Amino acid sequence: MPDVASSAVTPIPTRWVGPIRVSGDAVAGEHEVPLATYETPLWPSVGRGARVSRAVEGGIRVTVVDERMTRSVLLVAPDAAAAVSAARAVQGRLAELQALVASQSRFAWLLEIRDEVIGNLLYLRLAFTTGDASGHNMVTQAADLVLQDVLRAEPRLEYGSVSGNLCADKKVSAVNGLLGRGKNVVAELLVPGAVVERELRTSVRRLVDLNTRKNLVGGIAAGSLRTANAHYANVLLALYLATGQDAANIVEGSQGITWAEERGDDLYFSCTLPNLVVGTVGNGKNLPGVELALERLGCREDRAVGANARRLAALTAAAVLCGELSLLAAQTNPGELMAAHVRLERRAEVRA
Amino acid sequence: MPDVASSAVTPIPTRWVGPIRVSGDAVAGEHEVPLATYETPLWPSVGRGARVSRAVEGGIRVTVVDERMTRSVLLVAPDAAAAVSAARAVQGRLAELQALVASQSRFAWLLEIRDEVIGNLLYLRLAFTTGDASGHNMVTQAADLVLQDVLRAEPRLEYGSVSGNLCADKKVSAVNGLLGRGKNVVAELLVPGAVVERELRTSVRRLVDLNTRKNLVGGIAAGSLRTANAHYANVLLALYLATGQDAANIVEGSQGITWAEERGDDLYFSCTLPNLVVGTVGNGKNLPGVELALERLGCREDRAVGANARRLAALTAAAVLCGELSLLAAQTNPGELMAAHVRLERRAEVRA
Amino acid sequence: MPDVASSAVTPIPTRWVGPIRVSGDAVAGEHEVPLATYETPLWPSVGRGARVSRAVEGGIRVTVVDERMTRSVLLVAPDAAAAVSAARAVQGRLAELQALVASQSRFAWLLEIRDEVIGNLLYLRLAFTTGDASGHNMVTQAADLVLQDVLRAEPRLEYGSVSGNLCADKKVSAVNGLLGRGKNVVAELLVPGAVVERELRTSVRRLVDLNTRKNLVGGIAAGSLRTANAHYANVLLALYLATGQDAANIVEGSQGITWAEERGDDLYFSCTLPNLVVGTVGNGKNLPGVELALERLGCREDRAVGANARRLAALTAAAVLCGELSLLAAQTNPGELMAAHVRLERRAEVRA
Amino acid sequence: MPDVASSAVTPIPTRWVGPIRVSGDAVAGEHEVPLATYETPLWPSVGRGARVSRAVEGGIRVTVVDERMTRSVLLVAPDAAAAVSAARAVQGRLAELQALVASQSRFAWLLEIRDEVIGNLLYLRLAFTTGDASGHNMVTQAADLVLQDVLRAEPRLEYGSVSGNLCADKKVSAVNGLLGRGKNVVAELLVPGAVVERELRTSVRRLVDLNTRKNLVGGIAAGSLRTANAHYANVLLALYLATGQDAANIVEGSQGITWAEERGDDLYFSCTLPNLVVGTVGNGKNLPGVELALERLGCREDRAVGANARRLAALTAAAVLCGELSLLAAQTNPGELMAAHVRLERRAEVRA
């Protein structure tokens, strides 16, 4: 009797929203983005942000700060001294291990190894570049290689786990933000006060105050961890699903910071997303709908290795900013959020 | 020119996995669960855990500990004394506010109000039961009502936001785990050592050691927050998508704890999921595929209010346990995880 | 051979600083505070803040929001259902347990019990008022009583620990801020812009910007937990030592939030300290120097039960605000902090 | 009228406890340690742990894994691109900045710079070795230098703060544990089961179970952050005060992990303390009592630069282990903790 049966698909309502105006090294111009979601009010919300982006010269500036994918292996030593000595030996053989990884993979390149010793337990957090792939499997395979090599070289160590949770994949942590995992991307927009009032029906001051009181102070009060935003997870989920990503990575993706301030009459508004785990090739990317979406986003072009994935990360961050700006604006006005939800969900249900 | 266009769907590969054997107040018997995911190795992984559940009398015992949905409103007072005085007045009018909420909604019932004062800022975290709905919109609507009422009753307060991030929706926090949001569910399984060896190709001791070293210690080392598990987010995402949930709630859903110990020759294995935000009615639940899935899960029966949603939460927790047990077992064996991924993804691609 | 020998004292340099002008229910007037510290630049730093407080009518307003002391016991159940059933039974017997606690202690009153179930583990977090004592031992004794009673009433439970770390004493956590431990106190000051410029050599705008960028955003970036301040721990340590407190409680005491905003030309500046664990009677309070210090603070008067401890908490929060305001002001000016340290430590060394 | 007056000292009861048997690169042999504390039951508690250490060959093995002191400066850029470009330029000039720091300080050596960009804000976290000093002032001075240099080299940046809270000094964070601050030290002890039973009146299994359920799971449930221990803060405070340390650093010092497991009939017990901020020279170390204490600890000998401080860190970690082991053992037995407190405080009061 089969345990796994009854193949089918779950269709997620999807729309292309925008275009969003963006600039920066990773992507420029005006681009629509696909949002696959049951929460259909997300479409006009991101759409409103996109309209604001088009009212600003250069639109949303996106900066890709870093990119890497990680896997942490766990080794068990007899004691801390043995763990530390093994860690130092591994660090001393970094070039060797880089060559080893490179010999087995065209795209995985071992950037660095961070070691952490807890009692007799040794965690090695391996960071790689992975080309245009998000790299989950690539780094597991590479970590397996490194792990076997370390076990051979350090006979006092025993296998603990190919994943020691210091990676950390699809889990809440501080390590990903502080040491990096996925693309680290900043999206920014300088919105003239008049545009804020016309398109967002609020004021610069009220938006800045709301961000500070809700996202910063409210987040701190809630016991958040490296998280200060209204709803990054909503936009990330929708874009990840539409582009074939491993969408459980919205867990760490949601850990980002919205930072806004008044600049004269203008609003400076930014979203910092240190953990965007996205790719344009690899698992899930060959499904027909996904491929079409990636092509329409211009993320399947013939570019330098990694450039398609950075483009996707940049568009994702820009879409997150659109959704964030729009929702915050709505929340500055009593009753607006609920009224919009009621109106839009009714409309969406008719259309869907 | 429309900002939102090109309606379509994104099809997510979906299979029914199991059946999982479960017992408890919320659900009992053997039930398959639908998993919508691009990460197709999840199917056999959960399937293996399901097989283990069927090897145990009573299978996975599921306990629903609590259920509530929250929204926090933000009010701005002139100073802390005014904020505290308003908070006390609000607490004193709890019965009145409960009646107010009940007068506008058949299903929303205001359970409690928690207040938090930061300087002159007053955050009121409202907790409700919401029947069989996950309740996002229901509690926003109710919070709007309460907010207006409080603003009328406390003229020194000003509107801050209908959401002050102490809710906290789709964001990493400690508040949800400690004060509750969604269903709080524990799934447990007592597996005989022989079943561990036969079905999971490992031993009780190795599984317990791995959980302690990886999920507990490794999680702590990673700077996790109320999180000690291997991959709850994967299973939650797949089940949420297949059943029409607002899947961005996997962010807080992922914050759960796997706890295992040796009991004689047996393995005690448990997954505690304090923040399952699921519903069987409401937004997204009327799409044809979703409705069918909920029906097949027995979650659209004529039951007491809330019982269908609790049943869904219980099945979700059971599926999470299946996936967790299976992945941890694989990680006790060097190389097994990667070999399985390679084998299964290849097979899945052929089938999909 | 004795393990514990060579009795002596360690003398900590101590000065009375201020007076600080304060108002509020717990304390009013102008009061000096004693600071015992090796970090002698703290004295003029708090002193400068005190000067600012005296330039403002009413000075620092202090609001005591809540007070309680906690201890969490750990019980081991056979499974989650048994744990939940026991927890419900315990909640149902709250009045009985309150009477039990009251029968053994004049000052301990059981306010509430929070229960948390993780797998088969049951954590009961007991909250008490403890009169003028900080209450460490009082609540341990009361928790012992409750624990024995629960073990008698629930034969399926086993003793786990008299402390299950959900208390949480002298450890970093989110639970203390969210559920309360110690006095929850807010100190606020509205400083005219001219005073900011004259006494603090900076501007309202620069102070607010610094607090937002450093304490809020910088803290979030650092992976802080319910922490947004510059150096609460310094002032807390000095006051705790000088008044005979269990100063290791600065760990949770340090988890507080500085919140500032521009109000017209004025600076609104506040320190929220949710976890001040202080007492005016009990262990350590009978040492001669400590007694004198408490008397001079007016914290050994014949007042309503708890009022002396609230007074001490209020003065502590006011002193924290003085130190916080002064340090932040210094950090708005490049080079000022270091220059002050060099100058003051040299001076202090001469004097000490 | 003076703001700072009435010089005096606060005498903290102090005893030398032990001797503790230790081994490792930083310290070996049997050594007493001074504990300055109002919580006098701490003395026999650490003393009992010391007795256990002397029952084991080699005693407590201490491994110093890393040492560094940090300060983070905050710079304000016009936008993220400018911030990133400045960060890269700074990284490219690391050797130059190292030389600059070395030119102004005999002991400060700039190890590395970590940069973090949040919107337009640039945080540079500077890590230094600081010889035998804890280094608070040394790194502030060095950071001032680097900051001025960066402001000269990067004219688009403005001064934000000499401390941007990513340091993070005396505050709860994840950054210190993950990137290092202070000495990172592991103390370990392998205790024969018979010694556990005789000296600690408990069993190996019960101790391991308690550590797992209370420190690991209980800590996770409490929303702890990189914290899993019973009371590191108590021992740290007492040792820091007795040796002239800036004792507010117990805040980050408290964030450590107790890890225990059964090894055959023996108990493997370890305390990992990643953030011990201690020094043997510098501010506070020249007070007469402090100097004597440091001399008696052998921490004022003529050793290689840094060796005295590492010795002190190692002795501190060993003392923490003694206190941790003893308290956990007591908590395995119902009622023991409270009985000991009552008995010891009564006795201590008589003696003090």
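Points to keep in mind about this one:
Here the chain labels run A, B, C and D in written order, and each chain numbers its own residues starting at 1.
Going forward, a residue touches a chain if its C-beta (ideal position, glycine included) is under 8 Å from a C-beta of that chain, and two chains touch if they have at least 3 such contacts.
Since the structure is predicted, the reported quantities are computational estimates derived from the model, not experimental observations.
Among the remaining chains, those touching subunit C and also subunit D are A, B.
Farthest chain from subunit A (centres taken as the mean of C-alpha atoms): C. Taking the mean of the C-alpha atoms as each chain's centre, subunit B and subunit C sit 34 Å apart. Computed from the mean C-alpha positions, the centre of subunit A lies at a distance of 21 Å from the centre of subunit B. Along subunit D, residues 116, 118, 121, 174-175, 178, 217, 219, 221, 223-227, 257, 259 each make contact with two or more other chains.
Within the complex, the subunit C residues that touch subunit A are 174, 177-178, 209, 212, 216-217, 219-221, 223-228, 257, 259, 261. Subunit C contributes residues 24, 61, 63, 65, 79-81, 84, 116-121, 174-175, 178-179, 186, 188, 223, 225-226, 257, 259, 268, 270, 272 to its touches with subunit B in the complex. Taken together, the subunit D residues at the contact with subunit C in this complex read 3-18, 32, 34, 36, 38-39, 43-44, 47-48, 50-51, 72, 74, 76, 116, 118, 121, 123, 137, 140-141, 144, 147-148, 151, 159-175, 178, 210, 213-215, 217-219, 221-227, 229-231, 233-234, 236-237, 241-242, 244-248, 250-251, 254-255, 283-284, 286-287, 289-290, 293, 331-332, 334-335, 337-338, 341-342, 345, 349, 351-352.
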